[in-house]
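Structures are listed in the sections that come next.
Next come two complexes built around subunit A: one with subunit B, the other with subunit C.
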Partner chain A sequence: MRRAGLIARAELALMVRSRVALIGVVALLLLSTIAAATSQAHMAQERLSRLANQTQTDALFEAQPARHPHRMVHYGSYVFRPIGPLAGFDPGIDPFSGTTLYLEGHRQNSATISAVRENSSLMRFGQLTPAFVLQTLAPLLLIFLGFSMITRERGRGSLRLLLSSGVTAGDIIFGKTLALGSIGLVALVPAWLALFLMALAMPSEAGAAAMIGLGCGLYVLIWVVGIVAASALAQTGQGALLSLIGIWCFVAIVAPRGAAELASRLAPLDSRATTDLTIQAELRQLGDSHNPDDPFFAAFKARILAQHRVTKVEDLPFNFRGAVSAEGEALTSRLFDKYFVELATVQRTQSQIVSGLSILSPALAVRHVSMAGAGTDLETHLRFLQQSEAHRFAMVQYLNGLHRDKLNHADDAARSKDRAAEQRTRIAADNWAKVPDFVFKPTRAAERLSAALAPILTLSLWLGAMLVLAVWSRRVLEGRAL
Partner chain B sequence: MKHVWREINFLVRQRASVWAIALLAGLAALSVGLGLQEVARQKAAMSEVIALQKKDTAAIKVFATDAGDAAYYRFHPTWDPPSALAFAALGQRDIAPSTLRIRALALEGQIYENEAQNPELALPGRFDFAFVLIYLAPLVLVVLFYDLWSGEREAGRLSSLQAVPKAWVRIWLPRVAARFGLVSSVLVVVFWGGALISGAGIGDTIAFTALILALLGFWTLIATWVAKGAGSSPTNAAVLATIWFVITLIAPAGSNLVINAATPIPDGAAIMRENREAVHDAWDIDRDATLQRFYKLYPEYATSPPMQRPFEWKWYYAFQHLGDQQVEPLSTAYRAGIVEREARAGLVALALPPIAIQRALYRIAGTDMSAQWDYQDRIRAYHTQLRTYYYPFLFSAKPFTSADFDAAPAYAPR
Partner chain C sequence: MGRQGLSLNELVVMRGGRSVLDGLTLSVPAGHIYALLGGNGAGKSTALFATLGLLPVMSGQVLVDGKDPAEEPDAVRAAIAYLSETVALYEHLTARENVDYFLSLANQSRTNAEIVEAFAQVRLDPTAQDQRLSAFSKGMRQKTAIALALLRKTPVLLLDEPTTGLDPQATQDFHALLLDLKASDVAILMVTHDLLGAVDVADTIGLIIDGKLASQWQAQSTLPRFDLQALYGAFTQARAGNTPV
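Up next is the complex of A and B:
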């Protein structure tokens, strides 16, 4: 143990003396600090802008004049996907998905306005976020600093000298791991600090922040142990370097794209236009409100008349047209829900395929941890879509309720032709304020923690595999030195 | 030439080099296969939408017997078919819809629609031929070049090789040429295979090929320059990997941050919201004033009789168009801002040849941002065609027949 400490100290002293290593570490620290600061500032600004948009939209809705309630159904409302407190660490899907949803009657719109369509195409090369620096850049630096740690000793003959002086191969491997591990620790500091500050500002997020921090720590440790083992196993420094760069390229660059490509093919998704048209066709099968002899709406009418023991809709105690609107909306909404479940199932399957492939690349696992922990994964977006649809339906049905209860049937029927009747179908503006505001319920911290558990486990398995590799490399090292 | 053949012979006997080149060939072939499949999928999805839309339109025709109803209920499909080279550079086609159904209503509320894709899959980017070329091929060149000089030095052969008369012409240039030639022929052959299958035009294929060679040439120069320096083999490999990393990952990401900060754009959500306000306010203001504003733009309909009822379709379509008119400055500024960002990215690319080459690949394949703007322009032009088709029926009381329903203009893709 003491000998391992000495070896680590000697290795670190060597790195400090070598200017290249020092420049590399300083550059990494600089980049991660810039990434943490800019990403945090950008997401904070974006958070405020969406909040302001939501407040303004809600105020506009309440400020609408006296109107026919169905006008308000078409006027509709906008909801903006809020940003969680940890999104600055890993914005995840936020820039790649629509953030704004227009809610109106009869229709389900797509979430629109996404950063990726507002940025230059440079954005697709990667974004400078703390997560990116740690997941992609840090391992490469560790490779450069660590690949020759043991091959160098062997090349110079100092390995044999060390082993014959009573130092064990285990001491050497452990010492070199300590040295490279402290570099890894330095690389982790800006990310951990950023997470710590975010958790400080929002204590309820501390658990999720800790989980992300743990994931990052495990990921860096996997690389540290793996690099030392590779350096012990390789015949030459350049062999170690080339294979490590190859592995890095696969893990951090090829695997994420390959996994996405595979997932989109194993679980293909219909285009939005196809789904819309399928819903329309199915809707027509169920009940066509444009067809005066439609069996569905005829049966609805008969049922309502029978319930109230009248023979004409004019004799109903409420406005039958409002009741038809509500029934029609319920019908379409059921279909929207059915097809949303299909869409969500396919998308979740796709994401599960990607997570499943994290046994091939720990970068996928650590990305999963940080996106799930920060609430910037697919799940958050699907939740937003689902809750927005529920809000849309509640809003529209509230307005349809007003249409049914507050309007006179005869006026309502004549409003397109008769100016006075049209005026009478306008109801007071104070009704609009009673529509509940949209309050997004994000995934709770506990849910995010449990979602991050599986990828943490994958990372632990990776670490275990690397440790086994390190133990094996110790044997090889002992064998070779003799 | 015989020197180059000799060097190729040496090269194919090195296990690591053969592995690296074979891996590159495999990944390139995979990317081309995936790209061809993706393009076929996109085309199939378009045909599916067009076919489904036909059925939808037939069902609408049954009840939409006047022009107002027809224009209100009928969606018209627009689509942006992938070019013959899209398979090699899928570009930005995954982030915007390639089919959009539109109606003769206000367009600003329709044109920003998004595709229903999984954002987690869009996040890493596509695995296309352009990716293999821009990201992976340079790393293979690094593997082939890094120890070209230092390897000989470390083996103690460098000084005797340098002593050979005309060593550059007889040894070093052939070595460089063999490596460059082998990697480029692998990539070009794989790309040509894809281009042949998808039936790409000869001009575009040549331009694409030139860009492939330019990219590999750029990295060959960099790699040669580093490799003939005094560094040891591992140092050279690390330096080359760092240069690659900075040019392909760090510089674009950093530039994007700077560009965004320097080029603010109007809030996209505000455009849609203002459009909605403009459209819906019409219900509460003087209807005749709305019509008069519309007649200023379309004086040919100014003789249309005044409104008799609280609701008439002509007034409805008049305020839909006025709503678009009202947000036009905002919408233009929004687009100009994004175009400006893209233009500044073009300036950054001047300093980073691989970025410039990737942009050129996307441009030729018609999968870049400007191709998306072109599509939007076509949608806008088509929308104008569409609403002005319905105007005579609405404003001049021209009878709307079943034949008129069928004669509505159809979208013509590029």
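Up next is the complex of A and C:
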């Protein structure tokens, strides 16, 4: 241990005195700090913007004049997905998935307005976030600093000198790992600091922040141990560099994209347009609430009349048209729910396939940890869609309830021909303020922690594999000192 | 008990499936310089690596100050100072830092006065001691490495082609340092191509051919110390691939 410490100190002295290494470390530190600061600022601005949009939309809805309630059903409203306190660390799918939903009667719209669509095409190259710097750029710098740590000693003959001084191959590998680990720690500090500050601002997020910090720490350590082992195993520095760059390309670039592509092929998802057409076709089969001769609604009418022991709708104690609207909405909503469950099932299957493939790339596992921990993963998006749909249904049914209970059936039936009747079907504007506001309930921190456990285990397995490789490389190094 | 020097007895070492040392036997007593000569691939460096315990020995025995590297590798390495042809000290460290570093790795500590004295003994300019080795000539690096060997106070010194690339003055200085070490009872085994250099300092010159000691000459107490003509003849024959008679 003492000798390993000495070797680490000498290696760090080399890095400090070699300007290239020093510039690389300072650049990474700056990049991490800038990423943490800009991402946090961007997310804070986006958070405020969405909050302002939500407030403005709600105010516009409530400021509508006295109207027929079904006009309000079609006027609709917008909901904006709020941003979690840790999203600044890893925006996850937020820039790609829609963040805004238009809610209206009879329809379930897709989430729209994603950062990638709204901004320049440069966004497709990835936003500069602490997660991106740590998961993609930091390993590259560690490779450049560490690939020759041991091949250099062998090439210039100092390995023999070290071994003849009583140092073991294990001391050398451990010492080099400590040195490269120190650089990894420097790369981690800005990200950890950013997570700490985010957790400080929202103490309930401390556990999730710690989990993300742990995941990133494990990921960097996997690279550190792997790079040192590769340097011990390679015959030459050039061989080590080429192998490590190849591994980096696969782990950080090819595997994440390839895994997503494979998942979409193994669990294909219909396009939104196809799904909409299918839903419309099924809706037509179920019945049309606007068509008085529709068999489903004719049966509904007969059932309602029988329930109230009357023979015509005019004798009902409420406006039958409102009841039809409510029944039609319940019918379509059940269909929307069915298709949402199917969509969510396929998307979750895709997500599970990608998670399973993290056995091929620790980058997939660490992304899973940071997105789940930050609440910017698929689950949070699905939760937003589910809660938005529940809110849409509640809002529309509230308005349909006003339509049924506050309007006279005769006036409602005559409103398109009789201006006075039309005026009587308008209800007071204060009813709009009684529509409950959309309050997104994000996944609880405990649930997010639980979701991050499996990828943390995968990262631990990766680290275990790298340690086994390091032990093996020690044996190889002992035999290759010459 | 005094220092016991170094001995290789019937040493057999295989590398890449072939026998590189094939029953090599030689002995370097304390306070003795042994120059091992031979052509490329004769097994000179392999003998050093086997002594350091960096290569497994198939049969035979190495004894370093009475210890077998197969049984006591740490004790053997602690008893040896090794200088490679390239003087593989660290260029980014100063001469002083290199010495401190390798002494620490060997679990040894020396006072500042001892270190200053060692540098003075190897005649390294005091202003150079705090300069990085990247600015040093090969001769200055050799001096730093010898200062390290002096400070380690090991009973055995192994040298691999130590004078390659040195100018005549630096070679002469280096030989003077070896004689100083010899006077401190250090057993020195030097593998070299430099016949004239070996004649200058060695007490024994051995000629290795195909992993075996083909001939061995002892220095005379009177000048000339060696029969240079006989040595040159044997050496050129060995380089031509013929075993000298």
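By our rule, the second predicted complex is superposed on the first by the 477 of 482 C-alpha atoms of A that agree within 3 Å, B and C clash if a C-alpha of one lies under 4 Å from a C-alpha of the other, contacts with A are read in each partner's own complex, and residues count from 1 in each chain.
The rule is short, and it goes like this: a contact is a pair of C-beta atoms (placed from the backbone, for glycine too) under 8 Å apart; a residue touches a chain by one contact, two chains touch by 3 or more.
Keep in mind that what you see is a predicted model, and the values were worked out from it rather than measured.
Q: Go through the superposed model and pick first if A:158 touches only subunit B, second if only subunit C, both, or neither.
A: The answer is second: A:158 touches subunit C but not subunit B.
Q: Tell me which partner touches more residues of subunit A in the superposed arrangement, subunit B or subunit C.
A: Residues of subunit A touched, subunit B against subunit C: more for B.
Q: Have a look at where A:436 lands relative to subunit B and subunit C in the superposition and call it first, second, both or neither.
A: Neither subunit B nor subunit C is touched by A:436.
Q: Using the touch definition from the top, say if A:418 reaches subunit B (first), subunit C (second), both or neither.
A: So A:418 only meets subunit B here.
Q: Using the superposition on chain A described above, determine whether A:132 touches subunit B (first), subunit C (second), both, or neither.
A: After superposition on chain A, A:132 lies in contact with subunit B alone.
Q: Once chain A of both complexes is superposed, is A:261 in touch with subunit B (first), subunit C (second), both, or neither?
A: After superposing on A, A:261 lies in contact with subunit B but is clear of subunit C.
Q: Who does A:203 touch here: subunit B (first), subunit C (second), both, or neither?
A: neither
Q: Using the touch definition from the top, list the residues of subunit B that touch subunit A in their complex.
A: Result: residues 16, 27, 34, 37, 41, 45, 48-49, 52-53, 55-56, 59, 62-63, 77, 91-92, 95-97, 99-101, 109, 112-127, 131, 135-136, 139, 142-143, 146-147, 233-235, 237-238, 241-242, 245, 248-250, 252-257, 259-260, 265, 267-270, 272-273, 276-277, 280, 283-284, 309-311, 337-338, 341-342, 344-345, 348, 355, 359, 362, 368-369 of subunit B touch subunit A.
Q: Help me check something: in the complex, which residues belonging to subunit A touch subunit C?
A: Residues in contact with subunit C: 3, 6-7, 10, 13-14, 17-18, 156-158, 160-167, 481-482.
Q: In the complex, go through subunit A and note every residue touching subunit B.
A: Residues in contact with subunit B: 20, 31, 38, 49, 53, 56-57, 60, 64-65, 67, 71, 74-76, 78, 80, 92-93, 96-100, 102, 109-114, 116-128, 132, 136-137, 140, 144, 147-148, 237-238, 241-242, 245-246, 249, 253-254, 256-261, 263-265, 268-278, 280-281, 284, 290-291, 343, 346-347, 350-351, 354, 371, 377-378, 381, 415-419, 422.
Q: Under the touch definition given earlier, write down the residues of subunit C that touch subunit A in their complex.
A: Spelled out, the residues of subunit C in touch with subunit A are 49, 52, 54-55, 74, 77-78, 80-82, 84-86, 88-90, 92-93, 97, 101-102, 104-107, 132, 158.
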